[in-house]
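Below: the structure, in structure tokens.
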Amino acid sequence: MIIAERKPMEEIEQAMAPYKKVLVAGCGTCVAVCWAGGEKEVEILASQLRLARSAEGNEIVTLEATVERQCEKEMVAELKDKVAEVEAVLSLACGSGVQTMAELFEDKPVFPAVNTTFIGMPEKEGLWVEMCGACGDCVLDRTGGICPIVRCAKGLLNGPCGGTRKGGKCEIDPEKDCAWVLIYRRLEKQGRLDLMREYYSPRNFRAVKRPGRVQAVKA
Amino acid sequence: MATPFREILKTKDFVVTAEVGPVKGSNVSKAIEHIELLKDKVDGLNVTDNQSSVMRYPSLGICLLIKEHGGEPVFQVTCRDRNRLAIQADLLFAYSRGVSNVLCLTGDSIDVGDHKEAKQVFDLDSVQLIHLVHTLNSGKDMAGNELDGGIDFCIGTTATPSADPLEPQLIKVEKKLKAGVSFIQTQAIYELDELKRFTEFVRNRDEKVKILAGIVPVIGAKMAAYMNENVPGIFIPQHLIDELAQAPKGTGVSKGIEIAARMIKQIKEEKICDGVHIMFIGREEKVPEILEAAGLL
Amino acid sequence: MNGCIVAFCCEHSAYPAADLAGKLRLHYPENIRVIRVPCAGRVDVIHILKALEKGAAAVLVLGCEDGACHHITGNTRAKERVKYCNMLLKEVQIDGRPVAMFNLSPNAPHKFVSAVNEITKIIKESGR
Amino acid sequence: MEPKIGVFLCNCGGAINNIDFDAAVKKVAKFPGVTCVNLSSDLCLEKGREKMISCIRGENIERVVVAACSPEFQEHIFRKVLEKAGLNDHLLSMANIREQCSWTHDGDVTEKAVELVKMAVNRVRLLQPMEKKELPVNREVLVVGGGFSASNTVLQLSRVGLRTTLLEKEAVLGAGTEELESFYGFDTGSMISAVEVDKNIEVLTSAQMTEVGGKIGDFSVRIRQEGGEILRKYGAIVLATGHQTELALDSEPQLRAEDEAISGLNIVSQEQFCCMLGNSGLETEPKTIGFMFDFSDENSRFTTLATLNNALAAKKKWGSEIYVFCKNVKVDSEGMEKLYREARDCGVVFLKSEAPPRITAENGRVKIEAKDVFLGEDVILACDVLVAEELYLPAEGAENLSSLLSIRRDSKGFFQDENVHLYPVGSEKKGIFFIGGCRGDLDLGRVLTDISSVVMKVHELLSSGKILVELEKVKADPQKCVACLTCIRVCPHGAIQLVRVDGSKEVAEISDLACDACGICAAICPAKAIKFQGYRDEEILAQIEAIQEL
């Protein structure tokens, strides 16, 4: 699922500085699951904003709302009246949610309150790690289900690089495992090391012509 | 004019190469000094390409200088800064100006360098780069188009014999050998039995390839601890660090040279591999001392 | 409610300790309002922030001693949330010290009184 | 439409003397929704309660606020009053104007008291009625383990009429109870046969649990036995998997003998020494025997007891010289003092030394050297047999058992996290209990009392076949839940599971039986889907709203 992280407060305060009345809009799906932009975070951010502004003696009125998914026009449309009442919208959704909101309400400035980071999964409660880079040309079949494109710092197809640290850790971060050492261990366990011995020619980096479009068959 | 590196590899039984590190700026006078000092003392002079992802004077520029001064340059190419178009263009330019040895590297990651927010390319990796040079050698570019005027590079690459775990590295070396390389210049070696195991591994797969052991002299225990922590691919064992710690204050450099020379002599006598590649970036002027101490001059 | 302290008291430790303080006629400042919760782990960040918004001078979260929480992880969760609140307040240049957590056991009324006195001292220091 | 609220103030028979109740009554009457305010001086007595009931019925009051002493003290009594008055007993909120207001501040505290009442009124206005129901529970109990504690538990459980299953990993019951037999004269043989013959007990030997699901009153356990796997349902699970011992010699470096010949010597554990005592066909009876304890493990009560018993038995049987090396002799449990004096009287020598003794070999016999505290010099002794100290460790299966039941373990690996609320036999999951060695508790006297407390607890839980719970006290709203699993990972009592709702959607479901009403999940839920009746966000924030000025 999409993982996001709340922006530093200075950025948000700066963005909201000129406004007296704003809508703080959350999204109930991915960003809620990773504790970045759900209903709980909307309440906390709104309260933090009000506290900050009243401390500066420049009160701010905040409306709060959370829709099921901010990347659906019909769902975002439900906020029509609330958006009409405010001068700006502070959206805690991922990038696509913020842009859906901005597209639907072009007369009002929309500001992101979170940074969308990656597609990932929870390693343990409260810690999410990157798993997929949405590269459009999946190689997981050849690497025992471990993606070298995003989990190897250099995205190598014929890894590992010469810089792996002791114990099979990544060159740039001793906390992170070298993806290719993980791939080696798993393929070895499955007795499919020939997959790693095979030479992989340079990747097609234009598999997805950015910005991507996926057209489903009109059933 | 120095004899081509390709010939040296065939004829000489103990090949010695060194490394010149370009400066961060356009003043090449120091580089010329180092070239003059080393060009007749070593069989080939490597030129690093933005080493440790730190922006410097381009490797190709220094290679041309070496050519002008009658030395034999080894052009190091990393995949971090240029995509496949730029690399192919650089190789054509290098060959056309007489640079005919290339060392194919993956390259350090941007995070260890001094431009930490740059976009890293890695369009290719070292194995793919070797295949690319072979394709160019055969007269075609990567997209299969005919070249008007081909090239013929002597191809080399690197390896890390002291990596932990070692097996994934050996799989990569195997891929490089299958792709076809003439010489291997390894990362810094400090345990000779690791080098022995590595050479044996390579020799049963490809007798012709020449293996040059990487020698990086360590000047002092603090420096050793720093390198272990921050320089990728460096694993200095504890016994060497203790030996360095005992060296009296101020004699760190000479102690480092003494250890390096001792290793080179042992490699030569026991014929562990086909030569050495001395990397003393920033203290190139000390390389002759090492060669002398190792009896190679 | 300027100058008032909102205290979330856990049913298993802080609330009985406060009662015991009353039974022993121990005195502590009057400007404290106790809200009874089943466990310190029930107190959420929004409760603390809303109390501050309402003008509370300080917010106290009082839970069981470490390792003696009736619900095993309730007090550690509460400590994390108080730390998170301090960070949220620091982010907006507001002194986070008046939001604090203290651990006590049901038979320690003196600890309840000393917690209230200490937070009163912090309020004076931070000038809220 | 605003619910009708009745406020009942009590001056506790004059014990609350610094509140101007008349002024308070006037102020409280003005709170929105309050229809009647009564002052009384004996709400907790029969008379006061009768008046309350008639007032509630008379004014048909829908919510009740009682401003008096601490809820810890009287809340359950006032809940019964509401029930008698025909009102759902959850619709009550108390204001503690005695312990936390009148008694802790001097001078007039009317204003604070009024504000406390206002907080209670704001909360009671939002309270919702709660339905109580008796949920059926499975009355069968699973006891894991085959040793002394397990067998005794099943016997006593069957005596109180509960059917049990005894699950033993080994092929035979009663492993490791020889020691107890000789010391305490327990006839373990008859105990085992009683277990086998009892109709309430089903014994499954060389069987192991592979999967445990469900919750109290409805645990589903998958058991693997000789290739076959069976799925069984149980109401409660009792773990009595015991402990294992390891000679302190090998693991403790400072106790290690200097030279390697030590392995061939006669160094035994307490249990092995016990068997030596038992078997009459011993070729050479040991002339001098050495014992050791209290060096590597501070609470050495169990080893002291075993040493004293073994020493006495050896003295009587072989009359050999016995030397005991120890840091000190701890005789703090029943009958130990008598045993210690008896041992000393019949000639057992106790040598106290700070550092653990050095053990070496000398022509086939064990040489022990230690610096005696009283003599102040080294004592050197060569003996035929040395009974070395043992380390008590959790049984090997403990690791996978704890992950199977997802139960925490303490720092040494024994079950039952060091949390006082779980003593003596509980675990953080309702319906799962531990007794005996697996809890690191080796003192037999205490194990016996624990067995009876487990039996009493299980009987109390399951014997009636149903448990009274408040339905949906803590509930996750399926519409709002995004199944992010945070509550499932966070719940300290493992009371939340992922369930499929109307075919496709998976949501979190909180079991009323297993939930211990702490509210940690309600606080952490990112979609604010979990409602905890009585402590919902609205009910807490309403109390904060009530705090006006001071």
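Labels for the chains are A, B, C and D, by order of writing; each one numbers its residues from 1.
Simple rule for what comes next: a contact is a pair of C-beta atoms (placed from the backbone, for glycine too) under 8 Å apart; a residue touches a chain by one contact, two chains touch by 3 or more.
Owing to the predicted nature of the structure, the values given are computational and were not obtained by experimental measurement.
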Where centres are the averaged C-alpha coordinates, which chain has the largest centre distance to chain A? D
I want to compare two interfaces, A-B and A-C. Which one has more contacting C-beta pairs? A-B
CA centroids of chain A and chain B: separation to the nearest Å works out as 40
How big is the gap, in whole Å, between where the Cα atoms of chain A centre and where those of chain C centre? 35
Chain A-chain D separation of Cα centroids, rounded to whole Å: 43
Once you find the CA centre of chain B and the CA centre of chain D, what distance in Å lies between them? 65
Residues of chain B that touch two or more other chains: which are they? none
If you look at chain D, which of its residues touch at least two other chains? 490
For chain C, jot down the residues that touch at least 2 other chains. 44, 46, 50
Write out all the pairs of touching chains, ordered by chain label. A-B, A-C, A-D, C-D
Taking the touch rule as given, give the residues of chain D at its contact with chain A in the complex, in rising order. 480, 482, 484-486, 489-490, 525-528
Per the touch rule, the chain C residues reaching chain A in their complex are 44-46, 49-50, 52-53, 88-89, 91-94
As the complex stands, chain C meets chain D at residues 1-4, 6, 11-12, 15-16, 18-23, 25-28, 30-31, 33-39, 41-44, 46-47, 50-51, 54, 56, 67-74, 77, 81
Show which residues of chain B lie in contact with chain A when the two form their complex. 80, 84, 105-109, 111-112, 120, 122-128, 131-132, 142, 158-160, 163-165, 167-169, 171-172, 174-175, 178-179, 187, 232-233, 235
Quick check on the complex: what are the chain D residues that touch chain C? 70-73, 96, 98-100, 103-106, 109, 112, 115-116, 119, 408, 417-421, 428, 490, 492-493, 516-520, 522-524, 532, 535, 537, 540-541, 543-545, 547-550
